[in-house]
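Here you go, one structure.
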Amino acid sequence: MADAFPGDDQTTVAELRRNMAAFVEERQWRHFHSPKNISMALAVEAAELLEHFQWMDSEESRRLGDDPEKLAAVAEEIADVVGYSFAIANELGIDLSQTIRAKMIKNAEKYPAEQFRGKHQLGQDGKPIG
Amino acid sequence: MADAFPGDDQTTVAELRRNMAAFVEERQWRHFHSPKNISMALAVEAAELLEHFQWMDSEESRRLGDDPEKLAAVAEEIADVVGYSFAIANELGIDLSQTIRAKMIKNAEKYPAEQFRGKHQLGQDGKPIG
Amino acid sequence: MADAFPGDDQTTVAELRRNMAAFVEERQWRHFHSPKNISMALAVEAAELLEHFQWMDSEESRRLGDDPEKLAAVAEEIADVVGYSFAIANELGIDLSQTIRAKMIKNAEKYPAEQFRGKHQLGQDGKPIG
Amino acid sequence: MADAFPGDDQTTVAELRRNMAAFVEERQWRHFHSPKNISMALAVEAAELLEHFQWMDSEESRRLGDDPEKLAAVAEEIADVVGYSFAIANELGIDLSQTIRAKMIKNAEKYPAEQFRGKHQLGQDGKPIG
């Protein structure tokens, strides 16, 4: 069913944020939506995503797409996480695209590609390890 | 600094997803990026967001924007959550905008506005409560 | 019903850990019980606890005991968190009582009582704030 | 250092709970310790435990004990999770040993050993799967 809607290529972040804001507004839920409360709801959704993967090994998790029903369930959990991310950004007046772009530049400086290729963290000697 | 970048009104979800994919690709990190592992990293970032609010009361959390430094720190945590949401969607080939739109219609049916106005959940008698 | 069992005053940590170990053993679940997987299951239970409190304000959460049904539900979530804490300690061979006692001494040094009375963290000037 | 303390075999749950209560009392931290706030702090500690395992595969996580420094760090995270579990049980007046024992009987009925041996959940046909 979801195929009927405009996809990621045709959708700005602002559009999805406005949809979320309208949903909250129509139900007069802003008095529940303190940043503290939303941060909790977001963590709950992140854990529901986690739950799908808890007893699965890593390779099995890569093949999740083979089971369309499970994939749809996982996709909904991710949607819930992103939805609450938009909700908290709405309450705090944060521009997410700007923040994400700035953070990626910061991360690119922290993890220079040529140094961290195939490696993920620094060892005790200060050199990246796999 | 973040102000220098295109904002949510000028940015499609697909653009940010491609930035994330390029970041991972350049570092050859896909072997770390099983959906299982990313779901864990996402939950960790969600908890770092939570941490900012743990000892604060709800009203205080609404005034977080008064302290630009704290606001910037919180904005970065949200960016990290959204970044990993994009990363897991990339690995699993999920269109987030379609999923979010479909989920919102489902939620609108689950929580009809006229019935849930100012109320958040169902009581034991099946009627919404505040 | 729970009243029928020996309580916290009559129960060593080791007893509860052995109960948990027997439960896992009888079901031959140790191949699922890698520390990585248990850490995920524990985080999921922690979030189920969180979920009870997400839209409630702090004062309301202090009165949870007024509703015996809710209190029982919350008690079970805490039991699940502690149960998985025992399960991961079992797999890794960690003595929890020793670790907790050592950690408390460390915390007492980090947060000297006379300095942190009624205050929770350090301000930017290095002095504790409320 | 932790070896100097009484271990899980010599320690009742009540003793550790009283230590935690005294720690909170001495710092007059009970006004921070609403069940809502503690549930957040607990989730944060659960995520710090998770973080140790996020990029590690399951088998690697079973060998964590080979590195005493990492094991000690992980042990402290588990201690923090259990510590906050005691703190919230203290605030709500819950007996954890009774709750855990009652929950285990419930779980034993939900997952009969002979049926779930080596298997972890029910398939769509209602039979347990591995």
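Labels A, B, C and D are assigned to the chains in the order they are written; within every chain, residues are numbered from 1.
One rule holds for everything that comes next: a residue touches a chain if its C-beta (ideal position, glycine included) is under 8 Å from a C-beta of that chain, and two chains touch if they have at least 3 such contacts.
Protein identities per chain, from UniProt: A, B, C, D = MazG nucleotide pyrophosphohydrolase domain protein.
Keep in mind that what you see is a predicted model, and the values were worked out from it rather than measured.
Student: In the chain contact graph, what is the shortest path length, in steps, from chain A to chain D?
Tutor: So the least number of steps between the two chains is 1.
Student: Between B-C and C-D, flag the pair that has more C-beta pairs in contact.
Tutor: C-D
Student: Provide the C-alpha centroid distance between chain C and chain D, rounded to the nearest whole angstrom.
Tutor: 5
Student: Approximately how many whole Å separate the CA-defined centres of chain B and chain C?
Tutor: The answer is 27 Å.
Student: Can you tell me which residues of chain A touch two or more of the remaining chains?
Tutor: Counting only residues that touch two or more other chains, chain A contributes 32, 37, 40, 43, 46-47, 50, 53, 55, 57-58, 120.
Student: Using the definition of touching given at the top, classify the network of chains in this structure as line, ring, star, complete or other.
Tutor: Looks like everything touches everything, fully connected.
Student: If you look only at chain D, which of its residues touch chain A in the complex?
Tutor: That would be residues 40, 43, 55, 57-58, 120-121 of chain D.
Student: How about chain C: which of its residues touch chain D in the complex?
Tutor: 1-14, 16-17, 19-20, 23, 26-29, 31-32, 34-37, 39-40, 42-43, 46-47, 49-50, 52-53, 56-62, 64-65, 71, 74-76, 78-83, 85, 88-89, 91-104, 107-108, 111, 113, 116-118, 120
Student: Enumerate the contact residues on chain C facing chain A in the complex.
Tutor: Chain C residues touching chain A: 32, 37, 40-41, 43-44, 46-48, 50-51, 53-55.
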